[in-house]
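What follows is a pair of complexes built around subunit A, which joins subunit B in one and subunit C in the other.
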Partner chain A sequence: MSDVVLKNIGKTYLNGFCAIPSMDLTIEEGEFIVLVGPSGCGKSTLLRMVAGLESITQGDLLIKGNKVNEKEPADRDIAMVFQNYALYPHMSVYGNMSYGLKNRGTSKAVIAEKVNAVATMLGLEELLERKPRELSGGQRQRVAMGRAMVRDPKVFLFDEPLSNLDAKLRVQMRMEIRQLQRKLGTTTLYVTHDQVEAMTLADRLVVLNKGVAEQIGTPMDLYNKPATPFVAAFIGSPSMNLFDANLTEKGVSLSESLYLPLPHAHRGSIVWGIRPEHLAIVDEQDADFALEILAVESLGAETLVHGVLKDGSVQGKAMVVRLAGPHNPELNSLLWLSAPATHWHIFDAITQQRL
Partner chain B sequence: MIENRPWLTFISHATLMLGIALVALPVWMALVASTHPASAFGVGHIPLWFGSAGMETWQTVLFEQAGNGIDTPVWVMMLNSLVMALGITFGKIAISLLSAYAIVFFRFPFRNLCFWIIFMTLMLPVEVRIVPTYQVVANLDLLNSYTGLTLPLIASATATFLFRQCFLSIPGELVEAARIDGAGPWRFFFDILLPMSRTNIAALFVILFIYGWNQYLWPLLITTDDAYYTLVMSIKRMLSVNDGDIAWNQIMATTLLAMLPPVAVVIGMQKLFVKGLVDAEK
Partner chain C sequence: MTVTFPQKGLPWLLLLPQLLVTAIFFLWPAEQALEQAFYQEDAFGLSREFVGLENFVYLFTDPLYYQSMLTTLVFSFSVAIMGMSVALFLAVMADRVIRGKLTYQTLLIWPYAVAPALAGVLWWILFDPSMGPIALWLGSAGVDWNHYLDGNQAMILVVIASTWKQISYNFLFFLAGLQAVPRSLIEAASIDGASPVKRFWTIVFPLLSPTTFFLLVVNLVYAFFETFGVIDATTKGGPGQSTNTLVYKVFEDGFIGLDLGGSAAQSVVLMAIVGVLTVIQFRFIERKVQYS
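Our next item is the complex of A and B:
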């Protein structure tokens, strides 16, 4: 049975700003859904609507088949982890984790049992008596998750829970969240603007752009078959090389003098793209085009080469190439590249849809 | 700032000691004066060392009668003062906590207007509205009663404002977390808000207790029955007997007794008080 259903959900703020025009999403039981998008696209708004912290101005929200539009957050059987953790500063870790259960009239013995079980799972046994200010950032994060877990809710909601942690801890907590979620099997809605976090955590991703879901699908779907140039640019790092181009009988025309052969081409303006990792260095005679190298970023395992396309025009188009392993090409020299047609992404320039 | 300059240390200590001496000297003199018999003051100089009548004076004043035309013993007036001071303090804190709670956390029409109206009452302390307030209290038959002593002084814009600032600094996420944890308005108030503002409450308690204890004009006006006299106002009354007959020893003993409770409150709550003024633990 589907767990959480968003039917034609919309949000217009009191000041008349329409943050979410209309959105449909069906989340299966135990699924890990990540909402991702640039800042201000309405991720938090959507999550808070599911939580009940923001009113729903249009459409229906169903949790386990029940319409919960008008229900208080506490009655929706959800638990939320906030960006700044929002731990009660005057309560101990135990107090923080047990507060929700206490308010629901759970007996002391049951509370103690549940809190202890969760604390063991998260490695918080030693810290139960401490106050939040006596904890490190990572520990606070864990307590915040523990507080959500003890209630054993139907849905977990996370709003950028890792953005206050340092890079290393973030990677570790990311793995932990994923493992815990698998173990508990709780349906999860997770907001982030970090596409790596999104790709690694999600069963399915929702890419939001100005309140509209550009594409919903598995991370690999989105990577291999982005539906729009926006998704193509957003998913993957460094992001896809995208160019405005034309389809002509000679193939894809990136500029007056540069054509990439494509049989049975229609005519029209398109957006043509290829990921940095799909460009390959070849000999001059096999190359599709040449890149003038402007900068090289060596990361050890891979090398990112930034350059401009040598296509005869004065203002070259910027392009990034990602090469495996260390390379040391000379600046301002030419790099001959081939762009295999199997890895092309072509979008209609007008409808912005994948062709 | 840690500095090690002997001169600076010396001067700052000397200044502090001078300050202490200035403050303590009158208290010392009052203490000494209370131990001399009433007749010792006619001769024109003030004694600087303890006399022999101490126990006797203090006992009379405290348990029998305050003297100088006031027949009630000091302990009764002390009790009156205490009831009034605590009534005012708790009343003010309770009311301003609740009004600040409403103003900060609830959306109701004319919310801001309400706040500004409360804020404007800052301009209307008892002294300004004393005649109409007296009228109201008299009409309600509250002269010579504890209710009459405390009620008109309870509303407090200052405390409301202070709590409003304190509540506003509580992060919105915390409020939402409590909502998700199933805390209704009352639970939230008692479980989250009160404990989080307890240092503020303590600081206010000290300030308001002293304010209440030192009330003079209002009790003077509405108490005509000895049984409701408060300590601070009665001292003035004790001075209004004929010049030659003033029993200074009794007055001094009463004065010292009047100083004790505020001092006790300040010392007792010093730690919380300072914490409340300095940090808010958020």
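Our next item is the complex of A and C:
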């Protein structure tokens, strides 16, 4: 049975700003859905509408088959983890975790049992008497998750829960969240603007752009077959190399003098793209084009080479190549590259849709 | 930042007006009172006699003085608690208003600009037993209002008249305090199943406690020392001793009873109380409870 259903959901704020025009999404039980997109695209708005913190101005929201549009947040059986954790500063960790149960009239003995069980699961046993200000960022994060977990809700909502942590802790907490969610099997809606977080956590991803879902699918679907140039650029790091180009009878024309041969029925303006990891260094005679090297980023396990296409045009087109292992090419020298046609991504320049 | 002046004299010159005002209007009278407290003076101020601690002994054996202390405590706590409750209520309402917020808030700040004596006169007219609109309305509702005869009613009147002005001040602080409570905490509490009333008492009110404590001290100090004008304009300490607070008694005993020595001794006691309250307040401000 599908757990959470968004039917033609829309949000227009009081000031007339339409943050979400219309959105359809069906979330299966136990699924981990990540909403991802640039700042201001409406991720938090959508999540807060599901939580009941923001009114729904259009469409229906169903949780376990019941329409909950008008229900108070408390009556939706959801739990939310906020970006700033929103821990009650004057209550101990125990107080924070038990507050929701207490408000629902749970008996003291049951509360103690549940809180202790969750505290053990999250490694918070030693910290139960502490106040939030006496905790580290990572510990606060855990308490916020604990507070959400004790109530055993139908749906977990996360709004950028890791963005206040340092990079290393973020990776660790990411894993923990994923493992916990698998273990508990609770349906989860998770908001982030970090595409690595999105790719690693999600069963399915929703890429939002200006309130519109550009594409919904598994991380690998989105990586292999991005539906639009926006998704292509957003998913994958470093971003896909995208060029405005033309499809002609001679193939893809990146500039007047540079053609990539490809038989294709379509003619006209396109956006042509290839991921940095799909470009390969080859001998000059096998190459599709040459890159003039402008900068090299050595990361140890991989090397990113930034440069411009040498295609005779005055202003070179910027391109990134991702090479496995250490490399040390000379700046301003030429790198001969091949771009295998199986890895091309071609979008219509006008409709912005994949061809 | 440190500013360095080229000449040594300039800072002193700039400070001079403030220092003069302090000396003439605070230090000199305080010194006079301190000295006066150890003398007995005749009613015309022509001769005086050193009497040591006699004024203080007399003061602390006078049952009227203890009664005045009790009156002051009742009065001050009533003013503080009433002023803060009403202000908090208004601030909570103002915090919720979305349209016309500024108008509403400005209106609530106005009373603060009215001089205490003027506010006193205003309430005096409103509650005048024979023609005051509120008194007449109370009369028609079956309450016989006459604060010239009924000590409790007199107390209620001075409390209302004194509270009125303080509400604006408290309101501003409470409103700022409320606006500093992170929205996400309220949202988290509502997801946690707390009703609006419960959210207020279990989350918002505890977070306001630094503001509340600060205002309690400020309001007590106000009720103790700055309500002379209100009392003088409404009840003049009466009927009987029912609204004769410590500060009003200093004036009454000194300028009406012409017991200058006794009045000075009372002033010295008041100075000590101010000192203690100031220390409490500074202590508190220093290690202000901070939530982040």
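Quick note on the criterion: the second predicted complex is superposed on the first by the 353 of 355 C-alpha atoms of A that agree within 3 Å, B and C clash if a C-alpha of one lies under 4 Å from a C-alpha of the other, contacts with A are read in each partner's own complex, and residues count from 1 in each chain.
As a working rule, contacts are C-beta pairs under 8 Å (C-beta built on N, C-alpha and C of every residue); 3 or more make two chains touch, one makes a residue touch a chain.
Computed from a predicted model, the values in this text were never measured in an experiment.
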item	value
Combined model on subunit A: subunit C and subunit B, fit or clash	clash
Contacts of A:Thr218 with subunit B and subunit C, given as first, second, both or neither	neither
Partner chain in contact with A:Ile78 - subunit B first, subunit C second, else both or neither	both
Partner chain(s) touched by A:Ser136 [first = subunit B, second = subunit C, both, neither]	neither
Interface residues of subunit A shared between complexes with subunit B and subunit C	51-53, 72-74, 78-80, 82, 84, 86, 88-90, 99-100, 103-104, 133, 147
In the complex, subunit C residues that touch subunit A	182, 184-185, 187-194, 198, 202-203, 206-207, 291-292
In the complex, subunit A residues that touch subunit C	51-53, 72-74, 78-80, 82, 84, 86, 88-90, 99-100, 103-104, 133, 147, 151
Sites on subunit A touched by subunit B in the complex	51-53, 72-74, 78-80, 82-91, 99-100, 103-104, 133, 147
Residues of subunit B touching subunit A in the complex	171, 173-174, 176-183, 187, 191-192, 195-196, 198, 281-282
